[in-house]
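Below you'll find a set of structures to go through.
The same chain A turns up in both complexes below, where it pairs with chain B and then with chain C.
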Partner chain A sequence: MTAAVFFGCTFIAFGPALALYIFTIATEPLRVIFLIVGAFFWLLSLLLSSLVWFMTRTITDNKDGPVQKYLLMFGVLVSVLIQEMFRFAYYKILKKANEGLKSINPDETAPSMRLLAYVSGLGFGIMSGVFSFVNTLSDSLGPGTVGIRGDSPQFFLNSAFMTLVIILLHIFWGIVFFDGCEKKKWYTLLVVLLTHVLVSALTFVSPHYGISLVAAYVIVVPMGIWAFFAAGGSCRSLRLCLLCQDKDFLLFNQHSR
Partner chain B sequence: MATAGGGASVAYLGCRDLLCLLSFCVLLAGLCGGNSVERKIYIPLNKTAPCVRLLNATHQIGCHSSISGDTGVIHVVEKEEDLQWVLTDGPNPPYVVLLEGTLFTRKVMEKLKASTSRIAGLAVSLAKPSPASGFSPSVQCPNDGFGVYSNSYGPEFAHCREIQWNYLGNGLAYEDFSFPIFLLEDENETNVIKQCYRDHNLSQNGSAPAFPLCAMQLFSHMHAVISTVTCMRRSSIQSTFSINPEIVCDPLSDYNVWSMLKPINVSGTLEPDDRVVVAATQLDSRSFFWNVAPGAESAVASFVTQLAAAEALHKAPDVTTLPRNVMFVFFQGETFDYIGSSRMVYDMEKGKFPVQLENIDSFVELRQVALRNSLKLWMHTDPMSQKNESVRNQVEHLLTTLEKSGAGIPAIILQRPNQSQPLPPSSLQRFLRARNISGVVLADHATIFHNRYYQSVYDTAENINVSYPERQSPEEDLNFVTDTAKTLADVATVLGRTLYQLAGGSNFSDTIQADPQTVTRLLYGFLVRANNSWFQSILRQDLRSYLGDGPLQHYIAVSSPTNTTYVVQCALANLTGKVTNLTREQCQDPSKVPNENKDLYEYTWVQGPLNSNETERLPQCVRSTARLARALSPAFELGQWGSTEYSTWTESRWKDISARIFLIASKELEAFSWNHDHGTLKWL
Partner chain C sequence: MLTFMASDSEEEVCDERTSLMSAESPTPRSCQDSRPALEDRENAAQWRGQDSEEDPEEDADRYVCSGVPGRPPGLEEELTLKYGAKHVIMLFVPVTLCMVVVVATIKSVRFYTEKNGQLIYTPFTEDTPSVGQRLLNSVLNTLIMISVIVVMTIFLVVLYKYRCYKFIHGWLIMSSLMLLFLFTYIYLGEVLKTYNVAMDYPTLLLTVWNFGAVGMVCIHWKGPLVLQQAYLIMISALMALVFIKYLPEWSAWVILGAISVYDLVAVLCPKGPLRMLVETAQERNEPIFPALIYSSAMVWTVGMAKLDPSSQGALQLPYDPEMEEDSYDSFGEPSYPEVFEPPLPGYPGEELEEEEERGVKLGLGDFIFYSVLVGKAAATGSGDWNTTLACFVAILIGLCLTLLLLAVFKKALPALPISITFGLIFYFSTDNLVRPFMDTLASHQLYI
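== the complex of A and B ==
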């Protein structure tokens, strides 16, 4: 549907992630590396879940009908489980890497676990967003729009917003998850897993995109608040930031002579 | 500290890398076709036929689209008043017009051609039943300028001054259109398009219809332009200098099918004393659209008649002792300025063909013979060559022989037209250009064609009244003798007896009788369903897939030999040849077998009939004289691409031809997504 929709949907879905990347990750090479490794871990999790999916498909002999829908639900559940497993695996690897980094570079301060939680969440989110949205984007470049078979004409916009909310959710899940692992609060892992399953299951109510979109945005707000507090924020620091009185932030951005 | 500056450059690099990664992923995903989002957006139209570009020495004809397809809002035109919306009133040009078959006339096409800025393409639906007033996209004077009459020889007959043979011709197939035109062959697809139009494109009270609108995209980009001279020059430059040459056009070419009554040695040429009677007809037809050429009356009826006559003649007992030989030839490419016959005359002149022009004693040609009025069959002769006394006597002898053969068959009345009438467009004209031979053209029309659908998509079995009773199985249809088959068998009998007498036979003339069963099986196979048991049994193993479930299309095309040529050759071999008991290896190389001569005969290993259990086929070796002779215009052999003497028709090459429908969104929706994207860009 021409370049306008293509670029519009691209920036709706990836704009915030791009902004976060430019302002927080791109300046430090180490953070870039951890981001890409995080994306790679998400890809590995997808590979494993696709293997499981492929095996179940061959077992059921590719028959059509309601079997396929239940298989899809099962596949999504397995994929969510494997993604969270790989998030945990990444946490463990980062823990080990931290000690290694300290020994290599004793002068420079290694990134804190909270920062790595955010970076890994962003990596997971970007890769997940790219994978789920890119083929829809490439079809949006053609001359046609969705609707001739009775689907909603807002398909591209809905998908773009859904991708955006998934990316944000991955960032918040990453922060909350790592925080839970650090403080040995295992119930947080369960909550992250359950909300992930909930959001993925909500996408099955298509073609009623409105419900899944609204519900996802309803979930992202408390998740965001939880992540803010888990990352060490407080109401006071938020007020200072919004009123541009945060001395640490101002100092950080000044060029030293 | 340098970190800030260094950091900024790293940031820039990282941002660019990410964008590169993203666009690479988009491209990669775009390459994987057939995904479900694409299925949500587009409905492909599978049963369509395009109109392609053909070129000759000076012009290009046909249609083409731009390289990325032509998209337009669909508008259904069912009566002429609907055209106003497309041409002037509609607010969302360009439009793709869905035209009723009956409105595909010259008047409507002129209007559409005049406003090409508002027309993106045209989709024509097949009219059922065929248009009552006839429809012929061919010109009124077929093959003008390539026959025997010109301004220097027979000027009163040149350019159809005396008789406009194809009276109903509107010449649309020889016009150049700048937008794509497709034929919608399947009624279900046409209904889907009309339903989409009714759901989205209808406006209330003449106001603009609301978006999203139903649109169609047509892809038929042609590589060749201007003329044959240009495209062949470009292709030859490419093949000389490029490692991976990009050829833009191909000459129309195929093979003529020919056989002899008595076998001759094809490695040499005949002696001048050997006289040959030639029986000729044409194999091909065309229509406005590519590879759709049912050609029932213009081609099929005549070559089926000649096949039946060949079978009948071969059954005469004293065939081997006849003083003169008989050659049955089926010319391919006659629709496009006599490709096959001009090539055969050229080969005969140059000595590359076993039979030479001196050997030809007389020439009998079958043109359109299926639509006879009140039993009359007309014998056309050329008035210019008959100015020569000896030729006139030979022609007179030819006509009396025909009348004598026809006397024994009450269902045929042979008539001579007016003395000073020219020959209709026929292969005989090419032979007369080279030498004055005595020849006659048999046709069902005295002056203008009786065929009201000459060279169009409507020249089908219905046009020649071939119809079958309902609720019969395909096998029963195959063997059901229609009335048309009986009339064509009568014509074949007349032809067979005439050829027998012209070849010098006299005793067994009355025993030569064409078999209506053969005629009806041939008609069924060529006009209704090619994949039947008889065609399967006469064909070679590797040609099995050439038989489809519908009728065969008789367009000459550029890759040879076509389905029709192969099937006609195999049918001729089956009907005039003999089954031998050679094994498969011996059949493929008979030089080792005594009494078998590869120069005299052609040996084919065919599938054979089904065995008694109907599970397997019993293949056999058929020995016959049916052969193929190359039918490529001499203009391409000689490199004279701008020739006015020989046919120079070429067909353009293309990469992708397809059509699809989808919805296009309003400008407001695009603006909405732009605003959102601007909003998110502000984050940056």
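== the complex of A and C ==
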């Protein structure tokens, strides 16, 4: 497969995440650290869920057949549950770290919980996307023809878009999740968990990618809107931003002259 | 090892007790060039000299020193933490670059994954029929390798104690010569072969000569900081590639584990060779050897002379440890006398300047062994990128934790144990548990 496919799919899947990283995270060392710790937590959750799946598979003695498929589905559901648990654990740890930072230097503005929600969501998303997609990407550089045995010829494109939507969803879930934890609205956590399970379960209908992809994008839009309002945005601020009328923009412009 | 550097002056006392409490005397200190005042030696900068004839680079891996300018306790902790995040990133970037170079080479150049014999330090072969025999051979290989390292370190400490500076300096120059010329030549040859690019000998000679000569100058004498850092990263990557090629499979993993245990022991035990080396250096008020430590120090700023009522003198000539470590003969004399005023709590505007002077140092051996771990994961992961990425993240997290401990304990710390432990755990668990799971998910196109 061509280099065009490789680069195209890479940028589709990771372009927004990379742009978000460059513009919002890369400038502040503390945010980079929290991002990597978030990625580490996702990795830990993956490790735990792989362990669970591996043990169930060993218990059933690796028999082939529908048992494996059900085990896989069980593994996926357990993995989603464990990911959300680790998200909660990361929230707790960040809360403690924030308090520690605040007590040590009260003058210095520690990062706010909303910012940390975004950073942690991005960390989870990047790690999740990378782990899902990078092996496929490296295979796309090798020789081969896609869809020669009747599979969908848009395999790479579908995977790239699915990875993108997963990354975006993780960001929004992170923001909404932390907001729910902060305001003690526990139903928020349940909604996040359920939508995550829904998105993962929809991928079971493969090879009919269209359904799962469209459904995931249908879920990401309201999730994004909810995250926007949970992060403190409002229609007014959005309008001001789009019309380039918000104060920071004006001040910035004046200074740059 | 990890190091913090601060501004200092020659007559200063590096006093870790005061650096921890430091309520009354906010004198800037540096652990690199000041005397150890106390027995507890928390501020001991340690440096491990060790040698395989190809690389002295392995030695400098455990050089840790943390100097904190004296300040009132609250402000001091604030500054420590404020510097902490920045210094973590200042180390993340070179470690990441080194690993990226190593992984890119491993994945593209086939030479470094082919087995073409073994080093003399690992004489036992692993081509044995039984698992037990293979394990035994790898353990024996590790024992030989570690004992070579220990012997060389002790040899270096003895040389240093008896002031055979010329010998040590010559030794270091010989090894960096070999790295910069011979290994670069081999590396360039293999890369050109992989991409089927023809290069004639005169061009090759010119390229390698320029590269090597500039490298020698930058590393051992003076040069732009960024160039020196780039060269140190490159030689660490070259050394790591040599290890990846010539260490047999199981021996490599056992050696990694054993090296981190040795690092822990050598840096923290009172009679460890590294500790003794550092104490000797501190007693003599000399800088530790150049060319074996990666320094992320920012350029010293020339500030205005200012009276510092709480410190010892009006003008303090700081060391430029960056320059100092290059000009080996200047025992404690700054190459560039720069005037610097230590910031005080009452002058918040100066804090920026203070911030610019502090840097972190990490020994090159740490770079090498981190890259060996990630490179081995890339080489043996059966084309799997997940294992490589997991090890990469694990090592970065370990480095982060080590730096956090450094900020908390303010004493010399080995940089290998935590990172290598995390890296090993994640390598084996990702390779055996996560990989089948992710492969099965990918084959069914499921997303979690």
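In this text, the second predicted complex is superposed on the first by the 243 of 257 C-alpha atoms of A that agree within 3 Å, B and C clash if a C-alpha of one lies under 4 Å from a C-alpha of the other, contacts with A are read in each partner's own complex, and residues count from 1 in each chain.
Quick note on the criterion: a residue touches a chain if its C-beta (ideal position, glycine included) is under 8 Å from a C-beta of that chain, and two chains touch if they have at least 3 such contacts.
Everything numeric in this text was worked out from a predicted model, so none of it was measured.
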Touched partner set for A:Pro29, first chain B, second chain C, both or neither: both
Chain B versus chain C as contact partner of A:Thr136, first or second or both or neither: both
Which of chain B and chain C A:Thr10 touches, first, second, both or neither: first
Touching partner for A:Val192 - first (chain B), second (chain C), both, neither: neither
Which superposed partner A:Leu72 touches (first chain B, second chain C, both, neither): second
Which of chain B and chain C A:Gly144 touches, first, second, both or neither: first
Residues of chain A at both interfaces, chain B in one complex, chain C in the other: 29, 32, 130, 134-136, 138
Touch list for chain A against partner chain B, complex: 1-2, 4-5, 7-12, 14-16, 18-19, 21-22, 25-29, 32, 130, 134-139, 141-149, 151, 153, 155-157, 255-256
Chain A contact footprint on chain C (complex, rising order): 74, 77-78, 81-82, 85-86, 88-89, 92, 383-386, 389-390, 393-394, 396-397, 400, 426, 429-430, 433-434, 436-442, 444-448
In the complex, chain A residues that touch chain C: 29-30, 32-33, 36-37, 39-40, 43, 46-47, 49-51, 53-54, 72, 75-76, 79-80, 83, 101, 104-105, 107-108, 127-128, 130-132, 134-136, 138, 159, 162-163, 166, 199-200, 203-204, 206-207, 209
Footprint of chain A on chain B - complex, ascending: 1, 4, 7-8, 10-11, 13-15, 18, 21-22, 25-30, 32, 35, 37-43, 71, 196, 212, 214-215, 217, 660-665, 669-674, 676-677, 680-681, 683-684
